[in-house]
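Sharing a structure here in structure tokens format.
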Amino acid sequence: MSITAEIKKDYIIKLAKSGKRVDNRKFDEFRKIKIETDIIKKAEGSAKVTIGNTQVIAGIKMDLGEPYPDEPDSGVMTTAAELIPMASPDFESGPPDQESIELARVVDRGIRESKIIDVDKLCIIPSEKVWMVFIDIHILDYDGNLFDTASLASLAALMTAKVPIERLKPILENLQEKHPSIEKYLKEHPKDFPLPLSEPPISCTSAKFNGIVIMDPSLDEEQIAEARLTIATDTKGDIRAMQKGLNGSFTVDEINKVIKSSFDNGKKIREILYKSVGK
Amino acid sequence: MKTEIKLIKNGKRLDGRKNDELRPIKIEAGVLHRAEGSCYLEWGGNKVLAAVYGPREAVPRHTQNPLRAIVNARYNMAAFSVDDRKRPGPDRRSREISKVISEALENIIITEKFPRASIDVSIEILDAEAGTRCAGLTAAAEALVDAGIPLKDIPVACAAGKIEGEIVLDLGKEEDNFGDADLPIAIAPRTGEILLLQMDGHLTQKEFDKALDLAIKGCKTIAELQKKAILEKYQKNMEG
Amino acid sequence: MKTEIKLIKNGKRLDGRKNDELRPIKIEAGVLHRAEGSCYLEWGGNKVLAAVYGPREAVPRHTQNPLRAIVNARYNMAAFSVDDRKRPGPDRRSREISKVISEALENIIITEKFPRASIDVSIEILDAEAGTRCAGLTAAAEALVDAGIPLKDIPVACAAGKIEGEIVLDLGKEEDNFGDADLPIAIAPRTGEILLLQMDGHLTQKEFDKALDLAIKGCKTIAELQKKAILEKYQKNMEG
Amino acid sequence: MSITAEIKKDYIIKLAKSGKRVDNRKFDEFRKIKIETDIIKKAEGSAKVTIGNTQVIAGIKMDLGEPYPDEPDSGVMTTAAELIPMASPDFESGPPDQESIELARVVDRGIRESKIIDVDKLCIIPSEKVWMVFIDIHILDYDGNLFDTASLASLAALMTAKVPIERLKPILENLQEKHPSIEKYLKEHPKDFPLPLSEPPISCTSAKFNGIVIMDPSLDEEQIAEARLTIATDTKGDIRAMQKGLNGSFTVDEINKVIKSSFDNGKKIREILYKSVGK
Amino acid sequence: MSITAEIKKDYIIKLAKSGKRVDNRKFDEFRKIKIETDIIKKAEGSAKVTIGNTQVIAGIKMDLGEPYPDEPDSGVMTTAAELIPMASPDFESGPPDQESIELARVVDRGIRESKIIDVDKLCIIPSEKVWMVFIDIHILDYDGNLFDTASLASLAALMTAKVPIERLKPILENLQEKHPSIEKYLKEHPKDFPLPLSEPPISCTSAKFNGIVIMDPSLDEEQIAEARLTIATDTKGDIRAMQKGLNGSFTVDEINKVIKSSFDNGKKIREILYKSVGK
Amino acid sequence: MKTEIKLIKNGKRLDGRKNDELRPIKIEAGVLHRAEGSCYLEWGGNKVLAAVYGPREAVPRHTQNPLRAIVNARYNMAAFSVDDRKRPGPDRRSREISKVISEALENIIITEKFPRASIDVSIEILDAEAGTRCAGLTAAAEALVDAGIPLKDIPVACAAGKIEGEIVLDLGKEEDNFGDADLPIAIAPRTGEILLLQMDGHLTQKEFDKALDLAIKGCKTIAELQKKAILEKYQKNMEG
């Protein structure tokens, strides 16, 4: 750690001891959240989310593909995240590293395990043709808390995405000869239609340093954090996913406090999300 | 294709276990010749081998930390350890698990003793049947002890989960595939601090409390097996 | 499957433009927090973000030039920026474009000031619709200005082309797909020197002269927009 | 730049100021060009081209494959170039770098965009089976001007290539049951036949250093060049492709001079090419 | 070579000059061989072999796949070896290096060229569906002579492997509609059945240092070896494969001696192998 | 699909050769301008080019040996050298061949003269028809001589094999595909020591003796051609 970083660390900890954060937030308070949707014309769905200075774009592309043999009636979803060099002086181009893999996998599980996308409604011909949903996350500006920003951007992009049946109609019609059932499918789906979704859990991330736990860490706070905890909660008040990170530890007590705070913030973020997607 | 499976029948789980019962676990320390520490662990149908090299000079150099050792755990599944052959080499899943295990182990290793060094932990899943990350971490911790790496505590991992609406310990294969939630954790047993925590599925807050409690209890049981295995190794060495 | 498309009807192009008319262009400087300079640019249906880091020590070391800075531009298309999803990561096309843009930018950066350094330029194509290399280079140049990198001039790019036998400025999507030639260039507007030049298609020598002339005129129009955007950024900073 | 390189540079520039080049060529003069064809038995077509000491082999292989969905009636062509370590002490083995990618792409575009190969005649069954044409460029000895040498070798190899219907007959016959139309195709094409080609543009490369523009740079000249310009011209006197390289610039005037000189040289090279392929 | 290594080398050579080896073996004597089979439940066949301290697991997985076009009636086998970091402080993770490629290829050729697996009996539907056999070799503990340990583990795993028709029955039944001949195949193969194998040659490796040739080199001996020779021999007394390694040389005489010694040891190892697989 | 092919008819092999007869071989040294040594070799239908660079500083540094030069031979098949196009870049087969050729060459190069250096040998198979590893090694040895690298001997390679129950020299294409055994070797002709030896197939001990003997004889014949080619190069240089 450089001497500048050391001084910054001391300052943040000193402030924290007196109950304060550098940007005057409360310990359990998020930075300002802004969501813009439908910003990429070529994408089936897209959203740009900023939390403080952190800026992420998520884009949804869809295509026709084959289902997995063990799920012949279900569409397929894939999540990829790129920590592109644009977003930080520390990100390098190249194949995804452990950080971006963890990010993509946590966002992916948040969507997959909570069954947000009703993949059963994305089947065109069982065992043969289903819709593929690609969620691509582009980190543009990195000032901490990528997990929540990326996850929120993915949700907003999914919630505004349309299944591009019009764009792919020529290809589907070509397949009709081989698969006559497509005619019926095309009749039932004459136009682009929204992705079939259920209510999404909202992910909130906390960080711990020097025995203090704060919500939505900024980059400066992340850099001194010993442990991180991401919790996704739903409208019913249930927990839908958790992921601890970094080499520090949490006590059971701390975890219970983080859960509570995640519910409170999750509720507020859900409102912002719903408003942004016109729901 | 989605099969309806009844995971609890007459108050018993598919393999006959009670809700708070672990699968059989067998731990053996010091099973490899070249590695500086090693452990073979069987946990239900899982067979895991862990080996430790180091502390040694971290390479490439730019990965060195001038103040402490870095900890590289590498979780790897053998191609033949799963039903459908796995392509050799790391995939996204194994790289994520390697990361969370590395972080958990780093917590309890006294890394300040070895600036610029690396401590390298190999975890090979030879036979896989639900819960390999907990089995891998537990074996890795044992291998660290066997290697004589200075530790603050011996970490240990175990999962709890939810099946058929009930909170149970240590999900088995079908329970993992068809259950409602899985909560793998690792703890430092002396302090009870939580080093690793992941959750997928759906738990109410009450269920979470219960599952966390159960998983911690599981960890503590396994911690005893870890200690016993180390003791056996020492005894064997002294006898041999 | 080859569609016959009429690209000019009643003297107007598909999107209603005249032959020497650019698509609408919007430039905004200083849009990112971390980057040392940045620019957001919309050009017709293209949306491009450019960011600059550096001058900073070039790594790995063997890439350093003891006499001047090296310039690494990285042109990258977002997976969702095109009709059929693009696999993330560089392909042959993006690597060629990265090379020609790097060379064009290197020409106008006073690299002698920063021996052993690298100046790294990220160009992200977020939405793509014909002419992304010109849009990317123009945005990158603006981001260099925003970063305060010492420049001899502000490079700017624009294409001319041939459709239906006529020479037109700044090909749109259908024009790019079904036209007869595309001539993207970049110039240093003060001297009119040509920094980037590529041509695919079929042009008589006379048509080439006309197209080159038209593309240079287009560049000069866009150069004014670049200057205006920088001015706006400064004003905003002083007001803010 | 080493001191030897510096002295060499001064010498070349000094000579150039008095209108001369190290090997006594005129500014707009190519080195000696030699073309040998049909040198690789296993290839469908092949050529070795030397320009001065630069030596390149291009080989054509063909195979059956599937067309692109958006071009179901067209054969597919692919160009790859390898700057193998054999050719220069500076080339390393490994995945293709920016130089070889640019080389392959410029040669590829020269052939593709000029529609030299009549890919519509390489369709066997629309949407199902077409001919794939692989152009592989092997740089053997590198003494400057790879673009023109590689492009010329590719053209000579293509112009002597035969579609290997005899070699692939067993596989085509196997497909007959599934695709009865193949029988007709085989009747119409009983023997290997030449690739359907149109007249190729010829590529000429110039380099600029110290305000002087010279044609067909040798390696020594390339190493001090500030800018490079490759222009492909056709028999009608039209321009068919251009590619500028390096970080130097050209004036409009210089470009016009290079165009003229590319026409003059292109004409001579075309004669050598046609003679070598017996046309 | 470090000073410790130098001293160790001198010691081994000095001992060898008086006809001895560090572990008291004779020059042509193997270390203790132990074979355990059926150790991996998920594998179709598996074996752990230890020779001295060297420890290798081989696992067999099988799956349905397509045959090679030029062998439409034959199953497909693939061998991969991983020198995982567990086995030695000198092995690194990452793509296979030259050592592991040579190891995998020598084991593979030993099985393939000797036609141990009767691949013709692994065809389900010609040109369409055949059995794929994957041999994966995991080096767990490296104390010299990987070739023989890996090859022996592969043989023991193959000899105890069962074709997993029961596991894959659902997939085969799914294919029945498209390929009615599968019904017959399933009737003829109601249960998992042993891999069709012929008698395997046994591989024995020798190493040469300082003019001395020893059998089954330990790691210490390998590290000072100048040349290595692996010879596979069969029950009839014939030679079935050879591979020389390292930059040293052998005389014709030495080779003949190694052949003889390989027969002698091969015979003993075959007995251990057969016993371990209950044959 | 397995074709029965009669490889020997009326005491003659498919291409008319006798059992102990080599295919036609043509060797030319010094055929490339940039390389420090080079060789073009035709052997039956094989066409091979070999080039040598070095001794030069080995990179990356950690590959350097402080006591001697390292030898890197890179055997590579051109994409167009085989019936079905080969994907460019090394595959497992070519990497194994690169290894055994490197080892054989290292034996005869006086590497102690060049600590920390590398001697890099490129072998390009331009046209392939059975026996490319022997052709490649033989050409590489010639290129080393042409480069003036100090050698203890000039290695040379040749194969013998078994077809239709008979031991024959230098298998041709069909013989390689349908024969019973192939035994490629390389020797140092002065001492007769064996530098490379591989065998696939099925040989009795007697057959092996005979095949080894025949292959050594083949090597010695080719060694004369190597020497002749070097002489021709020198003569040409002196005349030129």
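Letters are used for the chains, namely A, B, C, D, E and F, taken in the order the chains are written, and counting of residues starts over at 1 for each.
Just so we're on the same page, a residue touches a chain if its C-beta (ideal position, glycine included) is under 8 Å from a C-beta of that chain, and two chains touch if they have at least 3 such contacts.
No experiment lies behind these values; they were computed from the predicted model shown.
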| item | value |
| --- | --- |
| Least step count from subunit C to subunit E, where 1 means the two chains touch | 3 |
| Graph distance between subunit A and subunit D, where chains that touch are linked | 2 |
| Shared chain contacts [subunit B and subunit D, defined touch] | none |
| From subunit F, the most remote chain by mean C-alpha position | A |
| Reference subunit C; chain at largest CA-centroid distance | E |
| Centre-to-centre distance between subunit E and subunit D (centres being mean Cα positions), rounded to whole Å | 47 |
| CA centroid of subunit B to CA centroid of subunit E, Å | 31 |
| Distance between chain centroids, defined by C-alpha means - subunit B, subunit F (Å) | 52 |
| Subunit A: positions in contact with at least two other chains | none |
| Residues of subunit C engaged with two or more neighbouring chains | none |
| Category of the chain touch graph - line, ring, star, complete, other | ring |
| Ordered ring members, subunit A first, subunit B second | A, B, E, F, D, C |
| List of subunit C residues in touch with subunit D within their complex | 1, 92-93, 95-96, 98-100, 102-104, 106-107, 183, 188, 191-205, 208-209, 212, 216 |
| In the complex with subunit F, residue positions of subunit E that touch it | 70-73, 98, 101-102, 104-105, 109, 113-114, 229, 237-252, 255-256, 259 |
| In the complex, subunit C residues that touch subunit A | 32-35, 45, 47, 49, 51, 53, 56, 74, 76, 78-85, 88-90, 120, 122, 124, 126-129 |
| Touch list for subunit E against partner subunit B, complex | 39-43, 46, 53, 55, 57, 59-61, 63, 80, 82, 84-89, 93, 95, 134, 136, 138, 140-143, 167 |
